[in-house]
Amino acid sequence: MTPLVSIENVDMRYGGPTGTLAVSGLNLKINRGEFVAVVGPSGCGKSTLMKLTTGLHIPQSGAVIVADAKVTKPVSIVGMAFQNPTMLPWRTTLENILLPLEIVERHRHRLRANKAEYVAKAEKLLETVGLKGFGEKFPWQLSGGMQQRANLCRALIHEPELLMLDEPFGALDAFTREELWCVIRDLHAAQGVTIVLVTHDLRESVFLADKVVVMSARPGRVISEHPVPFARPRQLDLLYEQPFNDMVQKLHSEIATARVAA
Amino acid sequence: MTPLVSIENVDMRYGGPTGTLAVSGLNLKINRGEFVAVVGPSGCGKSTLMKLTTGLHIPQSGAVIVADAKVTKPVSIVGMAFQNPTMLPWRTTLENILLPLEIVERHRHRLRANKAEYVAKAEKLLETVGLKGFGEKFPWQLSGGMQQRANLCRALIHEPELLMLDEPFGALDAFTREELWCVIRDLHAAQGVTIVLVTHDLRESVFLADKVVVMSARPGRVISEHPVPFARPRQLDLLYEQPFNDMVQKLHSEIATARVAA
Amino acid sequence: QTTDIKFTLDWRFEGPAAGFLLAQDKGYFADEGLNVTIDTGNGSVEAIPRVATGAYQMGFGDINSLIKFLDEDPSQPVKAVMMIYDKPVFSVIGRKSQGITDDPKSLEGKKLGAPPPDGAFAQWAAFKEVAGIDDSAITLESIGFPVREPMLASGDVDGVFGFAFSVILNLKANGVPDEDISTILFADHGLNLYGNAILANETFADENPEAVQGFLRALAKGFADAVADPAAGAAAVLARNETLNIDTETERLTMANEMNIKTPYVVENGFGGIDEARLDASIETLKVSMGLKGNVTGADVFDSQYLPPAEERMLP
Amino acid sequence: MTTLDPATPIAAAPRPVFKPNWVRLAPWLYTIGLFVLWEIGVRISGLPHTILPTPTRVFEAIIQYWSPIWKNSVQTLYTTVLGFMIAVVAGLGIGLFIGWSKAIYAGLYPIMVGFNAIPKVALVPILVIWFGIGTVPAVLTAFLISFFPIVVNVATGLATIEPETEDVLRALGAKKLDIMLKVGVPRSMPYFFGSLKVAITLAFVGSVVSETVASNSGLGNMMASAQSNFNVPLVFAGLLMLAVEGIAMYALMAWVEKRMTGWAHRSTMAN
Amino acid sequence: MTTLDPATPIAAAPRPVFKPNWVRLAPWLYTIGLFVLWEIGVRISGLPHTILPTPTRVFEAIIQYWSPIWKNSVQTLYTTVLGFMIAVVAGLGIGLFIGWSKAIYAGLYPIMVGFNAIPKVALVPILVIWFGIGTVPAVLTAFLISFFPIVVNVATGLATIEPETEDVLRALGAKKLDIMLKVGVPRSMPYFFGSLKVAITLAFVGSVVSETVASNSGLGNMMASAQSNFNVPLVFAGLLMLAVEGIAMYALMAWVEKRMTGWAHRSTMAN
């Protein structure tokens, strides 16, 4: 089976030939159904990697291949939670979450007729992330963490094949965060969706992912990939087990070394 | 000595009498030179607390007293790093960082004559947070974590008496984060500035603060205050010491309990 | 079987349009089997292209401009079919207190206000020649209609070009006393031109000769009525524009009747016809004032075949 | 979308002191102030009433000629609103069209600027030849004069979409038109309404200018006829009616605007 | 602020195929297309050249009357630019003033809307009585007609500042004027430039209209006399010159705009 995503020797430079070289010589393969976590120092090109994968940016050299096709324009099988929530301020939170349904081919034709069903689904999602009753609020009436959770809902609503999450839990307290870890874990288990998660939280990456990818400082490339050995389904108890913390620790010191070397 | 900030029985409701009650019965005192960390679940009113203290919101009942005066309009002794970086997109990062100097009375008259000096200072700050050479970039050319660091610089540049930091390290990787902890720690030690830090990272709060304030879920109020016993100056080694981790653990479980109770 | 005719006036519904409106109101057009719509115009010049393009079948416009128009493009299907203003109203109106008398020579050395689109000003070049005026010391100020009379009233200019009946009445409205107003009518000082005439689209006229004939017959009756009873004429005008003043419009109509319509020639030969020699002579004059290329003769401009017999065109 | 209360808290205890609502009173106070100034100004400067009549004289004229003023106002309002509505639709359409591609933008914009630098009154005779005098040329002139501000603001709205917001839709595989309609248009709504304020006033100017030149009715025709008779108070009565109609349309749009763009007017500054 | 390259990557390998730069060519292509259409349209419809001359005839007239056209164009350009510059300053000022307080907004806005619904040509006589005929009334008319779009867009820019951005400055103890100048104005720059495009065209209309009524020179005066002589090709030559001047001013502003608002035009859509 060919990988769902295959990034081959990609260079990406912003702002013309003299601009910032964000990633260079980037190589990464993501199999169908795999859960990949990407970690790396701030500004190393993780968000860029996400945008390359979804086709929002086209690399200057190298190729990005998603679902067996070279990416030349945005691919339509993804759900993306951007690092910055960017909600549309003229829509209520619920309307924001329904947005993908108005766009994605598969749903847009059904939306008008099945509005109630979709709204119910969105409200259920909101409840899952602890935002029950906030659908009618505008996004700017939500706190930072609440916006981030709404942003997550928007990425999930249309049940994409490939889920790209760019630091989706950064603005959340430890408990809300752990709850959402479980939500994502269950989603992955139930639907076999492929997930790419960018995070700064090594425990998060180890708890959720099948493989943790470590990126170097800018210009970013993959310096190592670590398969996560823990069996699924994983419970939160895992966080307090020794092998788990050992792996986190190992990753931690590896990054520290890589950082000094860079 | 009267406290620098004194929040007395404050209620704050957004959007008119039927709107969201964000904080209710909030009480907090912050002494001059103190370093206070505020933790609490997402959406509990931490950002609201920050905005009340700086006078950006005026509470419907209760009083906020800063520097012995009741707050009725924005106070001018603060430097605030908002949760959302909100840089002005038409200014370069450096110009964004210089913004407070154009506003604050003490500096604006000196700015034109001493431009070079101030620019040098801003560039030094940029270097401290690891953004050397990015001053000429526009904020939208920076990654999420870089924007957050620039945001921090903007709060520091005019050497405010009271520094309000709303999740300033949320989008940073563990190493950058630890570096900046030390920057803030040294700043506090050197200049005796009063600091209020909102964070979701309990280790961060214990490492940096003199007092950790735990807030309840919305409507937020202070449910407990924990003095941090560790002597200053604190080194990063502290993070790996048992008493430190015990305290973090204690806070953790306390919040867990409070959360279930709420 | 009625024929529709869209007719454009030279100007708004004002006293001098009474003849048209009476013909309409009294049913003279209907009697001829015509269904006539009368629209206001925006100057005696603009009526010409409206008729030439067939947007309007017939209209009321300045024959001198028509000559110029056909001189520019002789292929245009428009012709005058009936003369209404036997004597044009082109004039310079001055103020005696500013030193302008009824003598054209008194204009020398004066400052005159001239709206560029004004028909009277258009004849200035020819007039100064026939009247023997030395214009070397005359200053011409280009001023628009809205400021023409106020500037004369305030003494900013000594005289203005314009149609006598409008300017005189407007000056009075601006508070200039009657005895201070001096009128130099170009026609009284050697400028032998015709004034406004009924225009017809040639294509239409060729296809509907009876309609044009009927129209002119009805019009002759209407104008006779307006001459006989200016008050009734003014009333017909006011029925269409309530904001006017009945006395002013009666006076305006009376002035038009006396100065332009009921001239000695008309009293003798009937209303509506022309003297071909005079028309040809006026074309010569226009070569001076309007710089004609010489593409037209009187016969190209005026077609008298649709006129009713002279006895039906006598004014009371 | 619904009207929004601002985030500013509302004081719990009602103040017992009488405090007039300046915001509600302001339009009236300013208008009265303007008229008083005007009256005094004219009286002092001694301008003749054939140039600038006093407001009292203008009001006299309004009462005296109420019936024709009313009839003509209705006609003008009708043509204006019709022309304006066409302009809104066309302006939105052309704006989107221009936003569509850089080549269209580069090609069409200069032409439209050039076209709009031309006084529309010069085109009325051509319209008359095609459509006769009356309502049609007035509607068309109102349209021609008023669509441009709408185009400009819609096109600017589209050109300045933040790429971050754009990416949200692009990542979903949205087509260009989707992005325009779902982001560009709503995002530029406040400016769209701003442009409507400009457009409606221009539409009035357009229909009046056309009526002046080519119509048997309407305020333009009435004022032109009054002007040529030097009934200047009536001219100003017409101008006043135009202003009133303009303000009425503005009030209508301000109401719609408030309902549609509450999300954008969250600034607490203008208090 | 400097011109910015968009974030879109530039392909490393230059394509060998010749590809015309449509964006650069577009204005010329569209203009030529327009003239061709116009020529064909007139020829087919058989409109007399005294109503709508063909472009070829208009160009003949331009060559024939080049000297007066040039002199009058310069005069009109001069009055227009002067009036426009006053309008920019005043528009910015009034816009800030209106953004200052809700009461001023509520009071002044309707009056301005009313004022702008009035055809400015009705005010020219008053200006002429005060200032005589010539340059001054033309400048003033250009100003009066063109400041409103600027006011509207600046005021909208101020009214729609995001409270989040506002808070950044308010937290520093910024005064209202600081917030307006540091955030409101730069933030509404793209729309400010949009309004300038509208304003400059209106300024041309204003000065031409004023010249038509009261001036011895300028394109307005020239076109009025040409019109009364049935020299319609010359009228259209004047209109064309107006359009050209309008486009020239637009190009100038587009250039300034590009330098000033690059930050806002990051959208990748219009390609």
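Note that the chains are named A, B, C, D and E in the order they appear, and that numbering of residues resets to 1 at the start of each chain.
Basically, a contact is a pair of C-beta atoms (placed from the backbone, for glycine too) under 8 Å apart; a residue touches a chain by one contact, two chains touch by 3 or more.
Just so you know, these numbers come straight off a predicted model, no measurement behind them.
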Count of contact steps on the shortest path from subunit B to subunit C: 2
Shared chain contacts [subunit B and subunit D, defined touch]: A, E
Furthest chain, CA centroid comparison against subunit B: C
Mean-CA-position distance for subunit D and subunit C (Å): 39
Whole-Å separation of chain centres (CA-atom averages), subunit A against subunit C: 83
Distance from the mean Cα position of subunit B to that of subunit A, given in whole angstrom: 28
Residues of subunit B whose C-beta touches two or more other chains: 14-15, 84, 89, 140
Residues of subunit E whose C-beta touches two or more other chains: 4, 7, 47, 51, 122, 125, 129, 162-164, 212, 261, 264, 266
Multi-partner residues of subunit C (at least 2 other chains): 49, 53, 145-146, 150, 154
Sites on subunit A touched by subunit D in the complex: 51, 54, 56, 74-76, 78, 80, 82, 84, 86, 88-91, 99-100, 102-105, 138, 140, 158
Contact footprint of subunit E on subunit D as seen in their complex: 7, 22-24, 26-27, 29-31, 34, 47, 51-52, 99-111, 113-122, 125-126, 129, 148-149, 152-153, 155-156, 158-163, 166, 176, 179-180, 184, 190-191, 193-195, 197-198, 200-202, 204-205, 208-209, 212, 220, 223, 235, 239, 242-247, 250-251, 261, 264-271
Touch list for subunit C against partner subunit D, complex: 6, 8, 11-14, 39-40, 42, 46, 49-50, 53, 55-56, 145-146, 149-150, 153-154, 166, 169-170, 173-175, 240-245, 248
Complex contacts: residues of subunit D adjacent to subunit A: 1, 4, 162, 164-165, 167-174, 178, 182-183, 186-187, 189, 261, 263-264, 266
Subunit C - residues contacting subunit E, complex: 45, 49, 52-53, 65, 68-69, 72-73, 76, 116-119, 121-122, 141-147, 150-151, 154, 156, 290
